[in-house]
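To keep things simple, chains are lettered A, B, C and D as they appear, and every chain counts its residues starting from 1.
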Amino acid sequence: MEKINKSVLNQVITPRNPESYKGNYGKVLIISGSTHFGGATILCSSAAVNTGSGLVTVATIPEKFTAINVKIPEAMTIDYQNKKALTEAIKNSDVIAVGPGLGTSSIAKGVVKAALTQTNNKQTLILDASAITIIAQENWPLESKANLILTPHQGEWQRLSGLDIAEQNPKSNAQSLQQLNPEALLVLKKHHSEVYYHETTAQIEAGNPGMATGGMGDTLTGIIAGFIAQFGFSFQTVSAGLLLHSTIADKLNKDNYVVLPSKVIEKLPKYMAKYSYKD
Amino acid sequence: MEKINKSVLNQVITPRNPESYKGNYGKVLIISGSTHFGGATILCSSAAVNTGSGLVTVATIPEKFTAINVKIPEAMTIDYQNKKALTEAIKNSDVIAVGPGLGTSSIAKGVVKAALTQTNNKQTLILDASAITIIAQENWPLESKANLILTPHQGEWQRLSGLDIAEQNPKSNAQSLQQLNPEALLVLKKHHSEVYYHETTAQIEAGNPGMATGGMGDTLTGIIAGFIAQFGFSFQTVSAGLLLHSTIADKLNKDNYVVLPSKVIEKLPKYMAKYSYKD
Amino acid sequence: MEKINKSVLNQVITPRNPESYKGNYGKVLIISGSTHFGGATILCSSAAVNTGSGLVTVATIPEKFTAINVKIPEAMTIDYQNKKALTEAIKNSDVIAVGPGLGTSSIAKGVVKAALTQTNNKQTLILDASAITIIAQENWPLESKANLILTPHQGEWQRLSGLDIAEQNPKSNAQSLQQLNPEALLVLKKHHSEVYYHETTAQIEAGNPGMATGGMGDTLTGIIAGFIAQFGFSFQTVSAGLLLHSTIADKLNKDNYVVLPSKVIEKLPKYMAKYSYKD
Amino acid sequence: MEKINKSVLNQVITPRNPESYKGNYGKVLIISGSTHFGGATILCSSAAVNTGSGLVTVATIPEKFTAINVKIPEAMTIDYQNKKALTEAIKNSDVIAVGPGLGTSSIAKGVVKAALTQTNNKQTLILDASAITIIAQENWPLESKANLILTPHQGEWQRLSGLDIAEQNPKSNAQSLQQLNPEALLVLKKHHSEVYYHETTAQIEAGNPGMATGGMGDTLTGIIAGFIAQFGFSFQTVSAGLLLHSTIADKLNKDNYVVLPSKVIEKLPKYMAKYSYKD
């Protein structure tokens, strides 16, 4: 499989226009979290803020607002149990990421359904974690007017595609994606993660086993959301987000046995500055 | 438009009198926050504390007290829904900043009304964000016995002045301000922000697009509040606060693609020390 | 007035016995905080933990437990509204500090009364902030079986002693203390704070106006509590705690216009290590 | 008594397989915390996360979820008062640590009983703090199908073994352990802590009196849990975890009079990286 070249970082992470304002960097909505999975929300939203998204709104349950205020004072919050508020937030966002720590309750199902059905073709919808599990369990068609991105790990991809992990390979994955939705972009999280979109597939060479810890996937979802909000939906944008995540983790892994997601997040502004300089 | 010279930092940020005590550095009241906008309160109050305000009280809703205690243990809290407590807090403060994350509920309106009507001519009242929106929406006269400072971004200024963003220019802005309240000071937040007061107008040259992210305006409001509490109300004081905010952000932007408000805040004591040294 | 010599730091901060365990470093109880003053509790308790107290228990209201768990996971918590629990905690502690952020409610009064009456002659009781105000307001005799330490600022000392700030001087202060309780130790917080005990009075030369900010006094109280828990009640111990607080603040003030209490606290373990080395 | 050689760190902390994923690094369940002891949960769980456990779930009371989300976003949470949820979590975990900050309420007793009776022979069960006190008080047989590890300090060991601290010595400790459960592994926390397992006993030479502070034992429990989750149950694994804890603390003690548990925890990834490099 083709390798994603590091030059994609330089190409995607463009210097900002001096006369721009926060409206130019997109509105991100992270729909995430439930009573027992509050940390996923923090990691995903914090990643989106640290990439430089213009505005980040976190749709979660109110009992998580205090933790979000403490950890991500730059973000706003809404209650996803309030259907009207959720609908309005979806409508007002450029990128919607749904799933981290959401669980599979009936409320979670309603929320995923809202994200699938209320988005439009100017928007990007990222389906992650519980959102993928729900779609698989409910056997819902993978349909939305938005640009669709799926970010499963191999177990979640198995649920969605029906492919056992042993059966998962570039060809079978591409075929399954084609059947699920030929317009969707797939990020398959694994050792050397892969991106599938239309006829293109590619793989990163970065990544390390110190990343094998809870919350790393939630963090990646936040990064991809922030990248699309700023740089637009494309195979390149997603590839750059994916590669940056692992590139930072690789640097950290030299001095850290386990690479904690929060450490990757705090390095985002520095590494993005570095790659935004053009020589 | 005249540029604000960096020497204003040295002029305004004076070394402290060795025999002074916290009563000399002013009492700041930040009236801010609501269920869905808790982070704005944290950023604004934290900025006021980090500039060196003598005492900072945060008037917000009780569900935000835990986050404030965690992030700003130096601050006190009151519930702005308690009219008596709010009235007393306004009376006891030197500088009152109202608006960040306040929202436009009827409670928020009452709170802004209290700030406008209960302040006296020894005090400074800073109107920001939701407070400006409310005054525009309600078509209230822009009147208060206090020294008045407005800190809108261009969209909020449009609501208040009626000037479309395209129509906003030094002349039209000055005229609108004159009509709204000839004694008010206007900080217009934009690319190279501008200050208007009486016949004087000036602009900073600092600032960068990495600042285009949520919470930057709330942070500026807290800095200006802290500066006035310590250095007194004046065109110079406000200019110095505005310039310091962007100067710190410019330094951070060299190594950070996005400049997060919390990073600007944590650098305040160091940069203020630096500019307080007179050669 | 005699100056407290820096050598007191070396004398008091003794290297620990390699075979000691946490029981050797004392049990500290911080009775502190109320709905609107949660930060004082965090600063005071955090200072006590960072000096090296064996065990710190925070008696406060339950709505502050989350903030304490986040900021000081090393501490335990109890609810001071539970009389039985408070009585037991007082009985089990070596040092009890009461007052920071306590307010002057009837519950606060009961709590101060409990501290005054339930302590014994093996214990040290530190009265700070609201505790001093309550005793002054209620005109209670300043009596306790415990070693008594008072840590007022000049305004609180005025309330307790009846001396206007202009009337406060070494002689009048010593006389007032003699009348209030000839066995009590007084730390008068001011520019170059002073210590009074029996016939001895002394003053620190350290201290700077960057310390003139909310929470500095709460921090000092926590340091003194931690010092007595480890090094025993004495004029020297209190002087060393007082001097360390200002010495750290003086170092920080070189690079920080305002010296935030939380920064002093985080430096405690390093400076104590430094002064524990005997040449 | 034999000394644990530093080489055990190198032997146990093996480099990770590049193709591994988080399932390879174990599922840890920390059953911990109660209203007044919330910090113990944070320290223990945070230590488990920072060693590199694949997934950490914290079973505690819901009022502690916010603090956990803030401090350890990588962890999941459940309510141990929900018997069904607790049973399922125990079943799904590789390592279960029970006791830190649990208290001795009837709910705590039920929780310890569940841990003892619902674990199986593929699992490791670590009994610490309140769990040991409960077993001693209730005179329960020390029985479980899981690999059993006890981590008492000397006072807790006295309660469990009946040996006064003065009577505790390698021989008496080994005999008591034999009687309590000949398959259990004992970590006796003291000056130069000791490990007992089958016929083997050994002692670390690391450790310092700066560690004599609240929360150090909770931290050790989390480290041991994380080590077993990754490196498997063995005398070596436990010895390595114990030694690493004190080795990091010794380095910190050079510059810190008191070694706070949170500082040991934050250094775990760096020291584990260091010891994982094989020359």
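Observations on the structure shown:
Note that a contact is a pair of C-beta atoms (placed from the backbone, for glycine too) under 8 Å apart; a residue touches a chain by one contact, two chains touch by 3 or more.
Note that the structure is predicted; figures quoted are calculated from it, not measured.
Under half of the residue numbers at the chain A-chain D interface are used by both copies of the sequence. Most remote chain with respect to chain A, judged by CA-atom centres, is C.
Think of chain B turning onto chain C: fitted on CA atoms, that turn is 90 degrees, to the nearest 5.
In this assembly, the C-alpha centroid of chain A lies 35 Å from the C-alpha centroid of chain B. Work out the mean CA point of chain A and of chain C, and you get 49 Å between them.
Among all residues of chain C, those that touch two or more other chains are 66, 70. If you check the complex, the residues on chain B that touch chain C are 13, 16-22, 24-25, 49-56, 62, 65-66, 68-70, 72-78, 268-270, 272-273, 276. Taken together, the chain A residues at the contact with chain D in this complex read 35-43, 46, 63-64, 66-67, 70-71, 153-154, 190-191, 208-210, 212-216, 253-262.
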